[in-house]
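Across the two complexes that follow, chain A remains constant while its partner is chain B and subsequently chain C.
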Partner chain A sequence: MTDTTPRGLTRRRFVASTLGSAAALSAVPAWAQAKTLNILSHAVHERVLGKDDGDLLRDWKAANGVELVFTTFDSNPLQDRLFREASLPVTDFAVGYIIDNRPTSAIAALFEPLGPLNAVAPIEDFADIAPGLIQGLTVDGNLIGIPVRHATGGLFYNEALLEEAGIAAPPTTLEELIEQAKKLTFTAKDGTPVTGMIMASDLAVFPVSFARAFGGDYITKDFKLLPKPEAMVKALAALNDMFTAGALPRSYATTKNDDQVTWMQQGRAAFTMITFARYAQFNNPEQSRFPGRIKAVQFPKSATYDGPMAAVTEAWGMVIPRNAADKDLAWAYIREVASRRVTLGMARNGNGPVRVSTYAEPAFAAASPVAGEEAKALATARGAFPPFPEAARAQQLFLEDVQLAVLGHKSPEAAVESMVSRITPLRPA
Partner chain B sequence: MRIDRLARGIGKGVAVAALLVWSLVPIAFVVTSSFKPGRDIFAVPARYLFAPTLEHYGALWSRWGVFFEGLANSALVTAGAMVVAVVSSTCAGYVYSRHKSRVLGASLLFLIVVRLIPPIVITLPLFPIVNALGINDTHLVLIVLYATFFVSLGTVLMRTFIDQIPRELDEAAAIDGAGRIGILWGVIAPLALPGILAVAVFVVVFAWNEFLFAFVFTGTATKTAPLVVSEMLGSIDGVDWGILFAASTVQLVPVLAFVIVMNRHLVAGLTAGATKG
Partner chain C sequence: MPNRRPRDLLPLVAPVHVLILGVIVLPSVYVLWLSLTASSFGKAPVFVWLDNYARILADPAFRSALWNTIVIVVAAVHVELLLGLLLALLFASGLPLRRLLLVCTLAPYAVSEVVAVVAWRYLFDPDAGPVTQALHALGLPVLDWSFEPLHAMMLIALLTIWLHLPFTFVILYAARLAIPAELYEAAKIDGARPFQAFRRVTLPLLGPAIVVALLFRYIFAFRIFSEVWLLTGGGPARTTEVVAVYLYREAFSYNAFGTAAATAWIMVLASLVLALGYVALLRRQVDVDAH
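So, the complex of A and B:
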């Protein structure tokens, strides 16, 4: 006799269990708290706000009954997600963190103009925030972001290697830097082969800094390409000279930002140019062979140039997507984070402070030995280039020509000519 | 003759050794570096002898607790995707094996074509849809996406397996009163187990390491381990390589163990149908 009783998986059981599982899983978001402020940021933005007893927003959160929920990504994925969220009909994220070289007119239109909010409920001592950073987050006359963090470039040097090579002080001019870098291309006493200077080849910030040291630039705020071409020619010639002398790594064309850090920590390079914020990492005794011996100064300008040296800076700002639900709460958060107290607290936790007054605070100066140099650099700093729709492609073309010139495959003059012809059509009309 | 054989043997040995070095050295570097003191990881010359330390694992636990939440999310999503993909592929493979029609033939071709489309092409248009459905940042969306992405390949694989199982067994079961699901569950599935395991391995390896879908469709609640690892590579405040390598090692262990356990079945699964005329 055949047993016809349904056993195991039947069609009905399969469908029922699938629907049940789906319902259970999709119910998860409903557990969220009643008053939640969702923030889209980099992990570092959450970290500098502190936690537990060091939570800089603890009182504010308690007073407002707010739970902050940070969703964090690395820089580029974060910007991608932020713009996508802001493009939706509605987003759960009321605050986002934006890099100041990203908002083109089209992107800026996705975010709430903050001027009117600041007029009604102003940020404490707004004029104290570095004007250059405010300008970077002002698009088409609208302030779309409140600066919260900056990363300004400086020249790092390994004091121990300088001493070993008989160099008493770090360079004060670009010419001295090149000379010292060549001298510091040697084999150290412990057998480590040292290269004078290391810099990543995939970022515009390095050739731009060299060009600015001669009074030139890549693209100005008003989209003028190579405002002083001869300065770029000199910059490329200087870089090529260093590469030819071995004062830049043979692997220059494939050198990345992280290589700069590991090479400096291991004593494989004597100089590098990177943001002042890396000071702690360079001198971390758990990672570095030279804790306390890697120091920083402003990137020097050429002795032939009389004007001010503009360091390259990148700023982060807090924005409110236009499609966000609770804009008042978002603005209240931004006001609190931008306050003098929180700015100082974040600076002590490793954040590049956006308020001029923070640099004068003894508590910050004590926590950051490079604060003085950073403050001087910040005074005249500006972004590597302004945002525009084809900025990424333009940077790629720019770097192609820079690399060819540095490696000696193209003369500096030909490289500059090529930049002009290829990048000009990409600039905004 | 002997010299020829010897030369061939040496050649094979060198080729295998080169292949092993090529594929294992990066993994060995990551795993050994996770036990090295931070300052020795990139020391020049490289330090092969060192006092092993667990400091990076401790730091991973204390500073990146979110990584372990990510692992739990990855495990849940991977298990869910595996179950859905295996069940769907087995059912679909059975249908394609036992029924022939023009529509089915065309749809099988469609399944293969769909598999050729780069994921990014379907990911971005899906974002507003998933958002409108309110299932963004849920395990469900990743389970469905990962399973969907592998159902086409899994179906083709399962059809090949089931083709090898004599139809007479279906007929005998049907005479005994078994329905379609009964035949599939009681007769076909046990015999097609190597294929099912092969599909499971594919889905697990894919879902465990997947980044793009997880990046687009998750937020705080369901962030998976690969997303957290990518944050450790963050460009703002520098990379702590020791912690990163410790996380990579921890993430590697479960999937490696799973693949080793399933290895025998995977090879059998991959070669299934190879000699079918």
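So, the complex of A and C:
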């Protein structure tokens, strides 16, 4: 008795076929293009580069024989993976995208200093890139990332809902915003229950903007915590007032960034604060019930504060892990993406442009009617907080107290007191 | 294979041991070592002895997360057991459309946790959820889960029960079907009423299956993560955070790998302590069977 049949699949034949196939495949000339550049990014970074006929890098890829392979994640998992890859002895990823509030000294040391590379093969019109964004990616004197995208917050409003409530113009002061948000907490003519304003509760950008509207802040560049505590108290009191009046959703504590988009598109909220780059998404006729009617202005400051209002901005930069193999190819990619042409192309695809000159381009102004407002906001914008080792933990504690104050579980004064006592030990010495 | 020495059998079982060593023992030892260090990206680990454990146990957020986990686990696992038992007895007693009902009962187990949480989030949306609106229309109180921590905990427990009830049910139903019908006939002849038959026949014979179901669910439930993370994110203000979410924050938000590893070991120990009574019960049953 044998365990094989004459024409059946035997173990020997199976193994021989597998080895034969593998040998045949390895002998075939490479089917893929000569070079592959692996990139770790958010999906939006790949999307704004366009595809098919609109691929902004098509000619560059063809000229250099390069295939780009993007591995994309959401922001936090992306940063985690990037730092993990950069901590290995060697990584396949030659380019990564980093958020400018993440690189502490220890993390920055994982990435290639780009100054020397820029000296040898400079980026086109480097001085045109917003200096503030360059500064955000310079750690311990080393430029570790080239800015590629900024997300600067503005106040979006649904013009149709404002008209329905008899409001002629968007607010110019924070007090007006609160008053209008309360007025816009109503049932629209089509029966949709409208909430005055929606904002995510898991990001520092919202309470920080309210605090800045009163001349305060969360943590300054020189790590000063709550430089004007009374401004934060006023900000929390204002938010609590809105929540109590129903002008913030009952689900405030579980509201996420995506909820802001859908609520605005569906007409369930009249105001939101989000990056200007969302304009196209809000007004996309395929997604929004109010195409062309959702507009944006700069976030207003309080009538009681006469200083400058700094919008909250967050920038992304392109970095090269120190342990990457092909750094020259990575730098060539970065140079191309940072060029004036690609920056403009990405801006037209919804990317916050990092070059000052892009805002002057008629093609960009035509694609983004909020470009002017965005440029004005960007002029004085700064990050919600600077990078430091315990920044994420500090932000969590900050948001915890903000939520308690907004929901009315803690007084604004007690919340601010708690922030000071809990966050102070986490700041850099 | 008579008279073969254990040494001769070693190559046959070696792959299993290598697998266990590779995927459980070595990673556990590594995590234990990591828990004794201060470690983050771009920094060499520094040995800190038990500092991480002390820091975690002193952290009010951890203690709150541990308490929330225990409350959810104890409530959900026992309600699951009760419902699973009732359903198993109901199915065993004979039901019309049994197959269809069986599919309906088991369906939640086939649903991805993420999909389930998203669906429940939509259904119970405090502003526009269909369930919320229906409760409003009927004049009934609604679950104000995004504002009231207690309501949020109730919703998390309900969702967990809905998702995992099929597991408990299947174990108990299989065990109930394995009880010989003759025992019930004998009990009937002896004059036992239905409740007496349940207490004297069904319950003792279901005992081992109940303990196994409880034990597995205790250990699985202690790892609860996606229900909380996707539904409330641990909010409002971390009041519904559970230990797995705390661990996730330490590891992936704060990049504090030492404290994250220590949290993982505390989780393992806490779940064992919680299930210790049932482990002892199971061991006693095994001993009885062995004799």
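As a working rule, the second predicted complex is superposed on the first by the 395 of 429 C-alpha atoms of A that agree within 3 Å, B and C clash if a C-alpha of one lies under 4 Å from a C-alpha of the other, contacts with A are read in each partner's own complex, and residues count from 1 in each chain.
Quick note on the criterion: a contact is a pair of C-beta atoms (placed from the backbone, for glycine too) under 8 Å apart; a residue touches a chain by one contact, two chains touch by 3 or more.
On a predicted model such as this, the values are computed, not experimentally measured, just so you know.
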Contacts for A:77 in the overlay, against chain B (first) and chain C (second): which applies, first, second, both or neither? both
Quick one: is A:281 in contact with chain B, with chain C, with both, or with neither? Answer first, second, both or neither. first
With both complexes superposed on chain A, which partner does A:142 reach: first (chain B), second (chain C), both or neither? neither
Of the two partner chains, chain B (first) and chain C (second), which one does A:368 touch, if any: first, second, both, or neither? neither
Which partner chains sit in contact with A:240 here, chain B, chain C, both or neither? Use first/second/both/neither. neither
Is A:254 touching anything from chain B or chain C once the two structures are fitted on A? First, second, both or neither. second
Touched partner set for A:193, first chain B, second chain C, both or neither: both
Chain C versus chain B, contacts on chain A by residue: B
According to the stated criteria, A:109 is in contact with first (chain B), second (chain C), both, or neither; which is it? second
Taking the superposition as given, does A:407 touch the first partner, chain B, the second, chain C, both, or neither? second
Do chain B and chain C land on any of the same chain A residues, and which? 77, 84, 193, 268
In the complex of these two chains, what residues of chain C are touching chain A? 40-43, 125-128, 144-147, 231-233, 235-238, 249, 252-256
Given the complex with chain A, which residues does chain B contribute to the contact? 37-39, 42-44, 55, 80, 87, 124, 127-128, 131-132, 134-135, 137-140, 143, 176-177, 181-182, 185-186, 215-216, 219-223, 227, 230-231, 233-242
So in the complex, the part of chain A that touches chain C is made up of which residues? 76-77, 80, 83-84, 86-87, 104, 106-110, 193, 195, 201-202, 249-254, 256, 268, 389-390, 392-393, 396, 400-401, 403-404, 407, 409
What part of chain A is in contact with chain B in the complex they form? 2-4, 7-11, 14, 21-22, 25-26, 28-29, 38, 42-44, 69-75, 77, 81, 84, 88-89, 92, 151, 192-193, 257-258, 261-262, 265-266, 268, 277-278, 281, 284-289, 350
